[in-house]
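The same subunit A turns up in both complexes below, where it pairs with subunit B and then with subunit C.
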Partner chain A sequence: MDLRAKSRELLESGAVKAVIGFKDGTMGARRPVFVRQADKAAALVFDEGCRQNLAAYLTRNEVQKMGRVAVAAGPDTLRAILQLMAERQIKEGDVLPLAMEGTEAVELPTAQAVEEHLALKAKELPAADRELLARLDAMTREERWAFWQGELARCVKCYACRNSCPMCYCGHCTMDCNRPQWVPVPSHALGNLEYHMVRAMHLAGRCVECGDCGRACPVGIPVHLLTFHAEESVHRQFGQRAGASSRLDYALSTFRPDDKETFIR
Partner chain B sequence: MADTYFLPQASLDTLFAALAKDGRRILAPTDRDGRSELNPVTTVAEVAKDYVQTILSGKETVFPKVERMLSYDLAPGKVDLKSSEPNARPTVLFGVRPCEAAGFGALDAVFNWDTRDSFFNARMAQLAVIGVSCTRKDDACFCTSVGGGPGATRGSDILLTPAEGGFLAEVLTDKGRAMAALAPEAFRPDPGLAKKVVDVPAAFDQPALTARLKYLFENGIWVEQSLRCVGCGACAYVCPTCVCFDLVEESDAKAGQRLRTWDSCGSHMFTLHASGHNPRETQAQRWRQRVYHKFSYYPERYGMLGCVGCGKCTRACPVDMNLQEHLAEAAQA
Partner chain C sequence: MTDAFEPKITAFVCNWCTYAGADLTGTSRIKYQSNVRVLRLPCTGRIDFMLLAKAFARGADGIIVSGCHPNDCHYTSGNYHARRRWMVYRDLMDFMGIDTRRVTFSWVSAAEGARWAELVNEVTTSVRNLGPYAEYKELALAGVE
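Take a look at the complex of A and B:
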């Protein structure tokens, strides 16, 4: 069913309290919208301009207080929803993912339905990102260091990358801890480097590779490549991808007595 | 009354060379992989040809994202305290738009409100602004709604307005006259050039908005507008007038320093009290604060607005929080 009609139906029947989707923004952009009345559903749009990962809203206090919500979701948003379920941040019944095929919305009421839907979608990084990752891989360690020093020098620590990320849901991020202060607050060389290193490591094996962090950066730092790279190495070494399952089987925090590595036993 | 001249395009390099010879750093908009950034330049060729605005504002020249206020060495029973001096270099900010040039006034209002901030003032004393009027705009611009304009002179020491073969140059202040005196041959008599700038229609009635805000504190529009806000600091950090800062201590057992860094009212810990109470604990309250600070508290306290209508926040926002649109909505609420 068409997204607008589906949303109207869901809101009228009371099946959900809100539909999180997109509407026309300014300067050609699409913007997230929270539709809470059936007669407002006509504003919803879904096209290739709707790229933001709306799953980032699902862990917010304001949104969790709304009740059950539906989300107009492309594959990356669905992956994030599964990963959030795996990490016990959202419950299956609290969110109704609407998988978008063009402007058609398909209800995926269970985690299993989302998993099955996603199993048919190959995850492929955008060509531009693949090229830049390959270029970075081909660099010497010194060249790569120089590249990231140059990029991170522009960082102003606005945390748009963190706050846009569906997997950065910690209520009290390590960056905000000041007793003790683990990571320097200021946006100087050390503060910026430590922040982005911590974020990349924390997302290794958990990043659904939506690229929203990079898109959110006001000064255009390709920060998403850090988490993409960490995610890809987890995939290479452990054969896992974040957002493939609603059950937690996280390579970097799961212990198995039959692990092939001897050091861990 | 400003002295007006004609500055031929070719003479701009003469002016740049004279400024450099005088020991001044020139910061100007440059195009780096499609990003409009302020960077040091020495020639006019390095300046971006086609830009509406830079992403970040020029406020960093007088209010850096990090600066050291003091440092100290610690020994048993002894603290050796050292004051820090701002590294204020003679700087010319070239090519900023009239909106952004006006932004320095809003910074000055806070940094010289009570205690005169020596760091800010030392940097301001070394800064000269050569603004360039707007012949282009985009949908984020709303200078004319907040008392500015695409050819407004406030905040510029010299304002250049593009004209056939060069610029109409308005030399506005003593700092402007000092710069012009470094390259007198560059400034020709004004043949009566027309000052042609882009038209920026007013988007909302600002006095009406400011008056209306008195009654909107508990209005539901702040919740509605801010539902999609992700609570980052992009808007505050690109803003030429956002002046909030944090003071942080970086120290170990032997030495330390006190740093001033940018801060943002969008951040969830911004007004968190030591008790654990936060008077602005929801994003809606923080968003409301942003609007009120600029359009209610600033006029009340300093007799000016804390917004120059440059639209940088709108362009930088990852979720398209369009300030102009939200203000127009509030004025009608």
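Take a look at the complex of A and C:
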């Protein structure tokens, strides 16, 4: 069913308290919207411009208090929802994912339905990202250092990458911790490197590779490559991917006695 | 400057195996390079990756991380968890351009006093050859007003 009609139906019947989706923004952009009344459902749109990962809203206190909400979701948002379920941040019944096929919305009421839906969608990184990752791989270590120092020099520590991320929901973030002060607050070279290192490590095994952090960056640093790389590293070494299932164990809090590495002497 | 470069090595070791192993090195009167500063932690599972970053920021030229061999952890599985973390962290360090030759991971048991001396000597020699970690030290100066 069409997203607008589906939303109207869900809101009228009281099946959900709100539908999180997109509407027209300024300059042809799309912006997130919470539709809470059936007659407002006509404002909903869904197209290529709707990139933001709306799962980031689901862990917010005010959203969780609303009751059951529906989310217009592309594959990345669906993966994020599964990962949030795996991390016990949202309950299966509290969120109704509406998988988008063009402008058609398909209700996926259970985690299993989401998993089955996603199983049909191949996960592939965007070509530009794969290209840049390959370029970085081909570099020497010194060149990679120079690359990241150059990129991170523009970072102003606005934390947009953290705030846009559906997995960065900690109420008390390491970045805000000042006893001990793990990461220097000013956006100088050391603080920036440490911030991005911490962010990537804390998302390793949890990143669903939606790339929203990179899109959120106001100065265009490809910060998403750091989390992509950490996530790919987990996938390569431990054979699991975040967002694949609602019952996934966190890769870094589990282990196998026969985990293979080549560097420990 | 006539003084030859002497590297600073920070060693993060677990209380139960490597620290006891290093103790055995001493009681066995085995001599080894004095460049290493040993920091004892309860378990390798306790060694947060940020501790390593902080060591570099505070001027370490090389780092040793060492604990119990797999299956020998005092807390049963701390070293297995640590191993997974290092597998990902080392990969990430390399991706960000941090010199992974300066970080040595190792298993040294409480009985391997000689092994500890050997490890420290090897690491000290290799880091001495690499020279001071100038890139990171320069970065760390950014934090000094």
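Note that the second predicted complex is superposed on the first by the 254 of 265 C-alpha atoms of A that agree within 3 Å, B and C clash if a C-alpha of one lies under 4 Å from a C-alpha of the other, contacts with A are read in each partner's own complex, and residues count from 1 in each chain.
To be clear about the criterion, a contact is a pair of C-beta atoms (placed from the backbone, for glycine too) under 8 Å apart; a residue touches a chain by one contact, two chains touch by 3 or more.
The structure presented is a predicted model; accordingly, all values stated were derived computationally and were not measured.
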Practice task
After aligning the two structures on subunit A, examine subunit B and subunit C and state clash or fit.
Solution key: fit
Exercise for the section: Determine, under the contact definition given at the top, whether A:His229 touches first (subunit B), second (subunit C), both, or neither. Expected result: second
Problem - First, second, both or neither for A:Leu252, with subunit B first and subunit C second - result: second
Practice task
With the two complexes superposed on chain A, say which partner A:Ala113 touches: subunit B (first), subunit C (second), both, or neither.
Solution key: neither
Problem - Which of subunit B and subunit C A:His188 touches, first, second, both or neither - result: both
Fill in the blank from the handout: Superposed angle subunit B/subunit A/subunit C, CA centres, nearest 10 degrees, is 90
Practice task
Have a look at where A:Leu132 lands relative to subunit B and subunit C in the superposition and call it first, second, both or neither.
Solution key: neither
Exercise for the section: Would you check which partner chain A:Glu142 touches, where first means subunit B only, second means subunit C only, and both and neither mean what they say? Expected result: second
Practice task
Using the superposition on chain A described above, determine whether A:Val219 touches subunit B (first), subunit C (second), both, or neither.
Solution key: first
Practice task
Look at A:Gln237 in the shared chain and tell me whether it touches subunit B only, subunit C only, both, or neither; answer first, second, both or neither.
Solution key: second
Handout entry: Shortest CA-CA distance between subunit B and subunit C [superposed frame, angstrom]
Key = 5
Exercise for the section: Using the superposition described at the top, list the residues of subunit A that contact subunit B and also contact subunit C. Expected result: 184, 186, 188, 191
Problem - Contact set on subunit C toward subunit A in their complex - result: 49-50, 53, 57, 70-71, 77, 80-81, 83-92, 94-100, 104-107, 119, 135, 139-140, 142-143
Handout entry: Contact set on subunit B toward subunit A in their complex
Key = 33-35, 37, 55-56, 65-66, 138-140, 223, 227-228, 230-234, 236-238, 246, 248, 250, 259, 261-262, 264, 267-269, 282-284, 314-316, 318-320, 322, 325
Exercise for the section: Give every residue of subunit A touching subunit B within the complex, in rising order. Expected result: 25-27, 29-34, 52, 56-57, 61-63, 154, 156-160, 162-164, 176, 181, 184-188, 191, 212, 215-216, 218-220
Practice task
Please give the residue numbers of subunit A that touch subunit C in the complex, ascending.
Solution key: 136, 141-149, 182, 184, 186, 188-191, 193-194, 196-198, 200-201, 204-205, 226, 229-230, 233-234, 237-238, 251-257, 259, 261, 263-265
